[in-house]
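You will see chain A twice below: alongside chain B first, and alongside chain C after that.
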Partner chain A sequence: MNLNIEVNDQGLTQSVKLAGEIDAYTAPKLKEALLPLVKKANVTVIVDLEHVNYMDSTGLGVFISALKAAKEYESELKLVSLQDRVHRLFEITGLENIINIDSTVRGGK
Partner chain B sequence: MEPFQFNLENYRKVLERYINTEDESSLYQAEQFSKLSMQNNILPEEIINIHIQALKDLYPELPKEIDASLNFLLETMISYGLAYQQFQTLRQKQGELESEISIAANMQQTLLSTYKPKIEGLDIGAVSVPANIMNGDYYHFVTDQNNNLGIAVADVIGKGIPAALAMSMIKYSLDSFPKTQRNPSIILENLNRVVERNVDTSMFITMFYGLFDAESSKLQYASAGHEPGFYYCAKSDEFFEITTKGMVLGVTSDSTYEQYEIEMDQEDIVILLTDGVTECRVGDQFIESDEVLKVIREYMHLPAQEAVERVYRHFEKLQDFQLRDDFTLIFLKK
Partner chain C sequence: MESFDFIEMKVPAKAEYVGVVRLSTSGIANRMGFSFEEIEDLKVAISEAMSNATTHAYEAKEGGEVTIGFGLYEDRLEVMVADRGESFDLKQIKSEIGPYKNTQSVENLREGGFGLFLIEALMDKVEIKNDYGVIVLMTKYLHENEVDINDDQISTAP
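Let's look at the complex of A and B:
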């Protein structure tokens, strides 16, 4: 069980590619990588979850913290290419209504 | 035998005798030295130091290579001794923490204990198993004088001790609402404000709240982002997902919760759960909800309590089964 985090710095756009599993063990690592990125004004942080095949509720917690920080710092957080199982979590919890999720591109199984 | 004193003179005598005779009793005395050193917290490098001194007393003309090698050993043991001391301190601290955690876990059980009420015409079964020592899942039953039943099932996101503490807060908020006000959507709205104000930003709570009216057999319910349960309709012999809309507790202060209603017929079952059930895995594979329903179907003819326990045991017995999240399953059987 591991999570690979790849950050591509393009100035005002930061893309973050994740691969692996987001759970209680890997969530702190994700939080550490993601929070500093959204704590900059006018930045758009795009998180690509195409290769995330498992996420539990601790992962949701990280994205909530990131969303709250983004609001505070006037940056933007965007999630793209979610696999169905991961997308379902955002759907059930009602979080898809407050987090910018682009579900036009779904990640593979 | 005389008790030893761990000093240079004693050590030298024993060492000298051993070098000359290689007898067993000297070795036995060496063992006594070791035990005594342990008891008196004598560090390994001190033993080496005494050995070096004793050796130099006995053989003042040691070759300089041997002399240098002994210094080398001494330095090595100094580092070892430091690391060992740290290890001991950590081990002691760990022991203290473990006992504190187990006290906290016991306390949690006492704080969160709920009784399973007897409601005429409704058979209730409930099982809740923590993945770790403290449970982040919670269920709670409340009854009023008209035999109506309030049911709360919740899951704190964020695990371990902070989650468990947040759960206690939820329980006491739930208890503080007036008994006459058990409307599910209003209860969730109120709880949401409590959680939003009080809990750390990365922590939030999902909850299903239901109110069963014993007279009309109607179940009113609302959900705050909780894993959907299932409704088994005996007449058509089918399962339906209990779909609801509603934001998890503690994210935005103004969330509202839509309320729904089911009228239960004879033999119908309401199945409530947490995501520990639907996120079970066997090896690398998730157990799909079809599979969960198949297992539920196998045991649902049993009395509710026996049925939920058998379902849990069924999963537990699977090979490579790992409980990654707390597991809670409740049956309300008409």
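Let's look at the complex of A and C:
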């Protein structure tokens, strides 16, 4: 019931690996880590959700804030390797058309 | 009256207990024979109700409690999530929820307000009482005898 956040700084590309659960308890921690990364011009932030096995609307909220900040600072936010269950939430809410999600690789089993 | 087992939990209205209730939900639903997909739906829906109860209702004061009741019936699971915090304007909230349209610009995206929408999308029946505190009553039916529940049916539920 926790979330592990690992940031790999590669200059203009920042990769963020998440592992665990994104819910009301862990979402504030994610927001705190993610927002400063997208608030830099020309940066691409790639969030790897392969090992996120649970997410709810609190997680959607964090990614929406990050997307807004990205537009404002002219950076780019990209979500990759979502597990089916997590991807489904973006689908149901219509956010998959708004947030840049790479669905070619699916996380989990 | 049909017989059922009832399980009640009372947890502090704090975000760290949302996961505890989620795990309990998973255990109960598994015991009842729900499928993996259905259990995941239940976990999200109950977590959303819990998050609402912890973040909205107790914003002002510390030390509140959330009561969760599980009614285990032959054909369905009923989950009640109740807090005694302040009520909200349900009509207004309902008017603000729903999936995004492609045409909406990023600047206008809401960061919250998906909770209730997801509960309604993932459960079979949802009732909300808003007289004294907020009570969310959610029902999910066991579909063990049905042949096929396709994705469309679930994702297009209002």
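Throughout what follows, the second predicted complex is superposed on the first by the 108 of 109 C-alpha atoms of A that agree within 3 Å, B and C clash if a C-alpha of one lies under 4 Å from a C-alpha of the other, contacts with A are read in each partner's own complex, and residues count from 1 in each chain.
Just so we're on the same page, a residue touches a chain if its C-beta (ideal position, glycine included) is under 8 Å from a C-beta of that chain, and two chains touch if they have at least 3 such contacts.
These numbers were taken from a predicted model, which means no experiment stands behind them.
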item: Superposition on chain A - do chain B and chain C clash or fit; value: clash
item: Chain A residues touched by each partner, larger count belonging to chain B or chain C; value: C
item: Touched partner set for A:D23, first chain B, second chain C, both or neither; value: both
item: Which of chain B and chain C A:R85 touches, first, second, both or neither; value: both
item: Touching partner for A:L60 - first (chain B), second (chain C), both, neither; value: both
item: Touching partner for A:G11 - first (chain B), second (chain C), both, neither; value: neither
item: Clashing chain B stretch [against chain C; choices 7-15, 43-51 or 241-249]; value: 241-249
item: Shared chain A contacts, counted only where both chain B and chain C touch the same residue; value: 23-24, 56-58, 60-61, 64-65, 68, 85, 92-95, 97-98
item: Chain C-touching residues of chain A, taken from the complex the two chains share; value: 1, 21, 23-25, 54, 56-58, 60-61, 64-65, 67-68, 71, 85, 88-89, 91-95, 97-98
item: Contact footprint of chain B on chain A as seen in their complex; value: 23-24, 31, 56-58, 60-62, 64-65, 68, 85, 92-95, 97-98
item: Contacting residues of chain C [partner chain A, same complex]; value: 15-16, 18-20, 22-23, 40, 43-44, 47-48, 50-51, 54-55, 99-102, 104, 106-107, 109-112, 114-115, 117-118, 121, 155
item: For the chain B and chain A complex, residues of the former touching the latter; value: 155, 157-159, 201-204, 206, 224-228, 245-248, 251-252, 255, 275, 279, 286, 324-325
